[in-house]
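Consider the two complexes below, in which subunit A is the common component and subunit B and subunit C are the respective partners.
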Partner chain A sequence: MLEVSIFAILALFMLGGSIAMITSKQTVFSAFGFLVTMIGLGGMFALLNSQFLAIAQIMVSVGAVVILSMLTILTVNAKEENLPKEPHKYKWIMFSILLVTPFTILLYKTLIILPDHFSTIGTINAKVVGKLLFSEWVLPFEILSILLLSAMVGAIVIARKKRKRPGKKERRA
Partner chain B sequence: MSPNMFYLLASILFSIGLIGLVSRKNLFVLYMSIELMLSSVSLILATLSKVLGNADGSVMGLLIIGIIAAEAAVFLAMIVNLYRAKRTLDSDAFNSLREGAFND
Partner chain C sequence: MSTASILVSVASFVLGALLALLTIPVLVWLERRIASLVQDRLGPNRTNVFGFRLGGVVQSFADVVKLLLKEEYYPGHIKMGRWLFMLAPVITFSAALLAFMAIPFADTLQIDGEALRVQALPIDFGVLWYLAIGAIGVLGVIFGGWLSHNKYALLGAARAGSMVVSYELPLGLSILSFIITYNTIDFNAMVQWQSGTFFGFLPAWGILVQPLASIVLIVALFAETNRNPFTVAEGESEIVAGYMTEHTAMKFAMYFMGEYVAMNTASAVIITVIFGGYQIPWVSTEMMLENFSAFAVVMMVSVPVIVGLLIKWMRKNNTVRPTVSTDGGRNFETKVLTIALLSMTALIEVILLYLVFVADSALANSITVMLFQIVVFVVKLMMFNIFFILIRWTVPRFRYDQVQHLGWYYLLPLSLLNLFITAIIVVGVNP
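This part shows the complex of A and B:
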């Protein structure tokens, strides 16, 4: 019973945060809604006995990704006239809810084919995850490390200020 | 507590991400919607890890968190670059690859 009430509170937080994320006009409020959703997701992982995943979620998604996006939002500091004009925002949201609802029902009906009871396993802590990660999952882990490296290089190259190259005459002089 | 509650929550979160992706124009909201969809997939994987009784789903969720971090870096750098070029966050303004857009 306690677990169900914890689930209900976390789910309310996540749904409220994500709805605030897609409806608010100011970008910073969207980022706050995203933050609440990510913290709630960390709580869900802890509720599912995935201890290491919960800690990684709090550390990486909340501590790095959301904070980085908030820093970018505050650095870009878009004024009112630079934000997109969306006069029919709620109309579009209602229309896309109509479009997406059958897909949601399909997704849910597909997922509940899976077995409907939890197995009794202990906590999935760092020891279990580490052993699996470096035995069976070592190839995806290495591919992920290459992906992170290339994302880092790509981010630096994209965000760098383009310097004007001196023309040939100037270079000679 | 049954897995169906988690499946329902994950499908609703995925759909909210999809709704935000198709109905908004703000680049940051688009980015956060994509992240929300990825996160709901990792919630499904963590649920499967407890249903099936092994830690494989948890490991896959961990890899997805790494992918989210990589995507955040590239996407935010892209947003900064686009904002520097046109001084707007409107996704409709960036259509210079569209057919016929070179004429204006």
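This part shows the complex of A and C:
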């Protein structure tokens, strides 16, 4: 009963946070909604007795994603009147909900039978995750790191100042 | 769950909450007194309750009353998001408070074969908890700064955010090299690792085993907690009060107290990771439990000496100048405090004598050792808080670009290099 009530509270927080994130006009409140959702998700993982995932969720999503997006919001500092007008926002949201519903049902039906096909580990702590990452899943892990590296290099290339090649006139001068 | 485990967890939770919350007035008082002593003046020492000054700590309670009764001014230009504007200081405060809860105050207590952690949150991934929860604190700063709709507050929030981004990396990397050295992510196991010796005679404290990572850790924690010389987010000579500009009364006090709780947490992390936590050098918990009578004798000798020195110091200092006619109850206070301290010492002596000669229970012995370790922890914690305060009043504030330069150009490469060397040595020593 206790678990169910904790689950209900966390789910309410997550639902409220994600709805606030989609519907609020000002980006700061969206970021706050995202923060609430991510903390709720961390709580869900903790409820499933996987402490490492819970903490990693909070560390990555809150410590990195929310703070970086907040920095962007601070830098842009959009005024109320400069935000884009969205007259048909709720219609679009309803439409996309209708569009996604069949896939959600499919996903639910797939996910609900998944636990029968995997062995369950009692508690998932950092040691278990680390050993799995560096034994069974080492190839996907390394591929992911290459992906991140290429993203980083791309970001640096885009952000670098463009050096002008000296034109003919300048060379003469 | 046995009764003992419930009792120990409730007691350690209460202890954690008290250590985090009750140190705030003490720290505010220490800050003002130490600042005054550094600047060659005395600081607040007049406020009293029935003649009891306690060196001026009572001043902090007067401050609290002042902050509570202040007008709750609300800037008129904040149209939307008042609730988040009010909530932002609470986020900062509670994140700092929660991060403190993973610190062990004493070694694991063994009762009937059950290992009980003396930790407010009995978790074995404390390092990750600190890194995850500690990072939430800056979000309160950013939300508050943005919602103030004020250029100074916005600048302060942007500075706080970008400083956290640039110092989180060296902090994480230096803690990672400690994790590799100690081979654990549990704060308590880290402290137990440090109770050994290093080269045969040095205590195996993190600062001696990993000097470079220790320095990076201390500097990064100074920046994370927004203390001088990294107070660029609230640099009052440049941007009024930074993110706190529009916050008044208790909202301001929440930010203010959050800073002290964060400083307390940072000191606790520093002593746990690199200064042996609740241990005294060369002496591990098992050693104290095995030679309990020797430990008790040492305690019986040292407690009266320390208390005697304290009483002598108090008698010398808690007086007025000879030209002043009334002493305002200072003699009375000294007398009462002397009696209290002496009776406390006598009580400790009696209890220790009873434990050594009459009772012979392992449980009572381990509880005594636990209490001793808690005292050692609190003394170390206060020493590091004083270190934080002394740094604030001796070093001037860095310019903002200097802060970023230090973080990205020096601390990050240094911690990466240290991580590399540590990994090579650890793999080389235990292949």
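The rule is simple: the second predicted complex is superposed on the first by the 147 of 173 C-alpha atoms of A that agree within 3 Å, B and C clash if a C-alpha of one lies under 4 Å from a C-alpha of the other, contacts with A are read in each partner's own complex, and residues count from 1 in each chain.
Note that contacts are C-beta pairs under 8 Å (C-beta built on N, C-alpha and C of every residue); 3 or more make two chains touch, one makes a residue touch a chain.
This structure is a prediction, so every number in the text was calculated from the model and none was measured.
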*Are subunit B and subunit C a fit on subunit A, or do they clash, once the structures share the same frame?*
fit
*With the two complexes superposed on chain A, say which partner A:I158 touches: subunit B (first), subunit C (second), both, or neither.*
first
*Give one of first, second, both or neither to describe whether A:T101 is in contact with subunit B, with subunit C, with both, or with none.*
first
*Figure out whether A:L139 sits in contact with subunit B (first) or subunit C (second), or with both, or with neither.*
neither
*asked:* Quick one: is A:W92 in contact with subunit B, with subunit C, with both, or with neither? Answer first, second, both or neither.
replied: first
*When the two structures are overlaid on chain A, which partner does A:I73 contact: first (subunit B), second (subunit C), both, or neither?*
both
*For A:I112, is the partner it touches subunit B (first), subunit C (second), both, or none of the two (neither)?*
first
_Larger contact residue set on subunit A - subunit B or subunit C_ = B
*A:A126 contacts which: subunit B (first), subunit C (second), both, neither?*
second
*asked:* Under the stated touch criterion, which partner chain does A:F32 make contact with: subunit B (first), subunit C (second), both, or neither?
replied: second
*Partner chain(s) touched by A:I58 [first = subunit B, second = subunit C, both, neither]*: second
*In whole Å, how close do subunit B and subunit C get at the C-alpha level once superposed?*
13
*So which positions on subunit A get touched by both subunit B and subunit C?*
52, 56, 68, 73, 75
*Interfacial residue positions of subunit A with respect to subunit B in the complex*: 3-4, 7, 11, 14-15, 18-19, 21-22, 27, 30-31, 34, 37-38, 41, 44-45, 47-50, 52-53, 56-57, 60-61, 64-65, 68-69, 72-73, 75-76, 78, 82-86, 89, 92-93, 95-97, 99-101, 103-104, 107-108, 111-112, 114-121, 124, 128-129, 132-133, 136-137, 140-141, 144, 147-148, 151-152, 154-156, 158-159, 161
*For the subunit C and subunit A complex, residues of the former touching the latter*: 80-81, 84, 123-125, 128-129, 131-133, 135-136, 138-139, 142-143, 145-147, 154, 157-158, 161-162, 164-165, 168, 185
*Using the touch definition up top, name the residues of subunit B that touch subunit A in the complex.*
1-20, 22-26, 28-29, 31-33, 35-36, 39, 42-44, 46-56, 58-63, 65-74, 76-81, 83-84, 87-92
*Write out the stretch or stretches of subunit A touching subunit C in their complex.*
26, 28-29, 32, 35, 51-52, 55-56, 58-59, 62-63, 66-68, 70-71, 73-75, 77, 80, 125-126
